[in-house]
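Below you'll find a set of structures to go through.
After this come two complexes, each holding subunit A, first together with subunit B and then together with subunit C.
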Partner chain A sequence: MNYFKQLSPEHRRSWGLVAAYLGLLIVISLADFGLNTAGQTVFRGLLLGMLVFLVASGLSLIFGLLDVLNFAQGAFLLVGAYVGYQVYEGIGLGAGLSLLAAFITAVVVGGILGTLVEAGLIRPLYKRPIFQIVLTFGLAAILMDLVERYYGPDPKQPIKPPAFLDEKFTLFAQSLSVYRLFIIFLGLAMMIGVFILLHRTRIGIIIRAGVQDSEMVQALGINVRLVFTLVFVLGSALAALGGIAIVPYQGATLEMGNQFLILAIVVVVIGGMGSYEGTAIASVVVGLTRAVAEQLSLTHFNAPVLAETSILLLMILVLLVQPSGLFGREEA
Partner chain B sequence: MSAAITTAMLEVQNIHTFIGQFHILEGVTVAVPPGSITVLLGRNGAGKTTTLRSIIGLTPPREGQIVFRGQAIQGRPAHKIAQMGIGYVPENRIIFRDLTVAQNLQIAERKKGDLERKADFIFNLFPDLKRLYSLRGGNLSGGQQQMLAIARALVPDNHLLLIDEPSEGLAPVLIEQMMDAIRQLSASTTVLLVEQNFQVASQLAERYVIIEEGVSVHSGLMADLVNDTELIKTYLGVA
Partner chain C sequence: MQRTVYTTINKIENPALRNVAEGLARLVLENWLYILVFLLLWRFPYIVASLSDTEVTPRRPTGDSVFWQSVMAQSLLIASLSMSYNLLFGFSGIISFGHALFFGAGGYVTFVVMSQVDGISFYVAVIAAVLASILLSLVAGVVTLRLRGVYFTMFTLAFAEMFFVLAKSGTFRNITGAEDGLLIRDLIPEALNPTPTGDGSRLVMYRYTLIFFVIVFLAIRRYLNSPVGRVMLAIRENEERARTIGYNTFRYKLITMVFAGVIACLTGILLVLWSTDKRIKPDLLSLNYTVQPLLYTLIGGVGTLAGPVISSLGLELGEAYLRDETLRIGSATYEIADLWDLFLGVLFVVVVMVLPNGIVGTWNRWWAERKVKRLEASMQMQQKPPDSAS
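Up next, the complex of A and B:
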């Protein structure tokens, strides 16, 4: 494939490391848990990886192009989850249409929120990165507070997906809802969709060029500020999509924004700040690592903290081996 | 300073530009007649690159005026200035490393079909680029990147090209190639060049402006400058 042929030696090495690491995880799982539990663990890891990807991809795109580490990305997920939940509960159109309406509303609200935040708050601070961090941090706190005031502090129960997504199937001797498969496919579809957008369209080429040097893009006659806004909107909408996608599976809680934000930051750092491909791969790596660590701690150590720590240890390890992350920007 | 050229394609009039709190340009005046190659000369750090960046709007001047084809452009956003027909080839080339040669050229299109229309002209000028078309920008050599950077500025219909240090870091044989290309393209486009290598500058340009510590101190015809060894020695440090 052309993509692999033209990779830099560092990125080829990263692909090798990722393949070896994933192979190792699978071998450990098979050896320690047996085929069925290993299969279930990998499935859980993929599911988590895809959910994290929806938040992390936006974070990575926004950081890559705008150099803004958007701490409000988790809050966008939270808003998407709660707004979607409200639409589902209030619209009364039957499970299928209600869920569709919930998804569409969450994505639209996420996009609108992103537009307002970028145009009204972030844009005046493009040359002040510290201010941006403080601003998005504060914004996240405000949005969480607003969600709590409006929807109350109690967690929301998972909503019921339509019958065809609620059916059960058996995988590795475990009965699972089709909705879980749907989340994996949704994540994969977004992964491929954004990849095609970035690699096969003019706007994608502009975004990739802007990630390297937005000033040069501007000097070519392209309104880079408009592209900044589009990317921010896309990133916010993806996070909101992640939020509503979680609700039929786990329900909604006020903590979900921060939980996924931390995972997303780890993913973006491991993948390489600003690298979309890196984020996609690191999402899978982090999802699988956490699932295997969870299973290991359950089987051997009875220490759930191991699962939490595992991804942070992985991040430290990656940064020691490759300080710019697996697929970080090459230096000029 | 020589008398101002009233029919200039570009007139930079006494601009003052700051980078952060540093006053980099303290009065630069440049006139570029249409169809010419004009070169900005001066020692390292004199303000030549900042002058080009001020013109394209990346480091806008705080004072003074920049008139391009009769319109004042200072203070406009860089993309609007570029859209008026100014191409910019920066000092360090800034090729988009993750994009292919083809994509590096496509991104410069301002109208659909620009690249298709200009392809023959560009590949005549830089035949190597045709062979490298599907290669990533990051995989090109320094000379190839320089060719691509100039080719990129040729994709849209530009009236003026700002080219910063085209010979920097190139082997002598590539410098010759580059000079040929700039000569050829100057038949259809006006060029304002920054060039540290006086040999290259003197062979390419018809007019010059010397910038010293952020101030334009001399300008005129290159033919006169090459015979003025005193001036060359004083401002350029070349014997």
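Up next, the complex of A and C:
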């Protein structure tokens, strides 16, 4: 509760707004769909929110510290998903170990890719920030192209999680795989893990200080560049983790990269660039909004695609009312 | 040579005639390279025909000349798209990642309107498409142009991607045809159909495309030299200062965005006419058509007029030329067509890292430095008396 006492009045107001908005969403879905469907929708929204968080947290952290808008996050997710898929299919160690190997490989490959990109391409361009944006954007296109070339354009089928994750449980009269719960816990674990990293460790203090003023941190004799690389790697590894986490649930498609990049962008805009708690909350907000809008448009217009617009409308609204996002720094 | 021309003109007695001659001479002397390039492009089908010994308008629609007319026309359109992107990125400092939206909206609005409204003329539908693209750029601009650059960039990406998803979704299948796209073969007016039928309609369409390209080029050049364009350049250099002087920078950026959006929209319509399968597909709205002009603009030279044109034409024609070739490395053979995108990506990264001004920008800089050096050298020669060897 110490956290809430330290909050600025603006942030306290933002918390209130978010709580009210989420409450409104739940009330609407309860009133419109009835208890069971509403419960399922909220669960789906939470699941999506957690997956989006894995991509968005990297986007937000990297921007906050490095001032680099990393459009390659979506591509990192795609690489994680496909590499993990390949490892799972190729390794043949039994479902449990194979999945573990797939997760580890995806994260490691994502991390290595992040290191290469940061050290090789981003670092020489710190004096030319516009080119950094353009470069990550171009890089994303190249990476996606490579994935398509190497793995083919056809979507990959979901892989079967090991037995203990594949058991069914009943929630709101719907039988669901335990794996979905696992994703939510994974997301929550990462959310808390990164929070602890940021708030309870020395490196976290340096990162947070760097977000506020990286030059000052450097003046104190800390190798900020190393921390930059570390954060970039953390971001890309989290995105790759998100990628492989999706595969047993939905399979892998080439569109996934852009899809999640867009969602992550919306999350970061709503939460505020560079604000960790903002990203975490906005992930839940975006996930729930999307799920509820999907259900609403399905029941009323038979057009689930309209959910896409709902996310964007939310983003426009936030941009117009508070351009720096709910928890962002005041500088927009 | 320049001097002789002007001295000859100055000898003309009649002042009105002299003015006309002087203007004409200036036009030719200052733009001789552009005029030469235009004439070459105009004769391009004939040049290819004589080189490959094929006909320009054969009875059966095959042969090198016919093929290259299509390739060149599409390259010219991609060049127009890149120029419109450069107008935003290079000359205004607006980094939009949603340019494909305006490009795709051109084709989509035109032909969706035509297929939905019976008996509507193609040209009316084009006007509808232009109005739609104006509206879209106004919406995107009004929402975001007041924001910091990063937010703007992210918003344009999300905004454009949303329309891509809408175009692909099965919900509107009976309007847009979803993933399969919309067959437009019967909707294209006879006069604008470049599909070769032996009557030379492709050659006519090639010329229309070339003229469109020239108009786009001249319009952008004129725009940059107009008062609005000058303010735009000032905003690119230092927006804060431009605002302090008293310019409403928001308005100027909005005008530029609308201008670039309209050019992209018209380009999109023309490119659809040239497509071989005569379908409007969601691909038109995909990120491809944002990435492509972005790459070409950066490779050619950000903020140069000729840069995007040179890189677009060079790379597009190069791809078409090398399409069927294979590359041998050791025992492995690769299709060039498969490797092309990768090559483009690597080229892009190298250019961004090594030549931030692109090909044309670097060339311009090198040329200017050479001039300065020469001038300095000649000044030193003048200052130094020949007998000051001691």
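FYI, the second predicted complex is superposed on the first by the 328 of 332 C-alpha atoms of A that agree within 3 Å, B and C clash if a C-alpha of one lies under 4 Å from a C-alpha of the other, contacts with A are read in each partner's own complex, and residues count from 1 in each chain.
Note that in this section a residue touches a chain if its C-beta (ideal position, glycine included) is under 8 Å from a C-beta of that chain, and two chains touch if they have at least 3 such contacts.
Predicted, not measured: the structure shown is a model, and the values here were computed from it.
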Just subunit B (first), just subunit C (second), both, or neither: which does A:Asn223 touch? first
Thinking of the overlay built on chain A, is A:Leu30 touched by subunit B (first), by subunit C (second), by both, or by neither? neither
Of subunit B and subunit C, the partner touching more residues of subunit A is C
State whether A:Leu139 touches subunit B only (first), subunit C only (second), both chains, or neither. second
Residue overlap on subunit A between the subunit B contact set and the subunit C contact set? 332
Within the complex, which stretch of subunit C touches subunit A? 93, 95, 97, 143-144, 146-151, 153-155, 157-159, 161-162, 165-166, 169-172, 287, 291, 294-295, 298, 338, 341-342, 345-346, 348-349, 352-353, 356
Applying the document's contact rule, which stretches of subunit A touch subunit B when the two form their complex? 2, 6, 8, 202, 205-206, 208-209, 211-213, 215-225, 330, 332
Can you check the complex and tell me which residues of subunit B touch subunit A? 56, 58, 77-79, 82-83, 88, 90, 92, 94, 96-100, 103, 106-108, 110, 134-136, 138-139, 152, 156
Which bits of subunit A are touching subunit C when the two form their complex? 63, 69, 71, 121, 124-125, 128, 130-131, 133-135, 137-139, 141-142, 145-146, 149, 258, 261-262, 265-266, 268-269, 273, 302-306, 308-309, 312, 315-316, 319-320, 323, 331-332
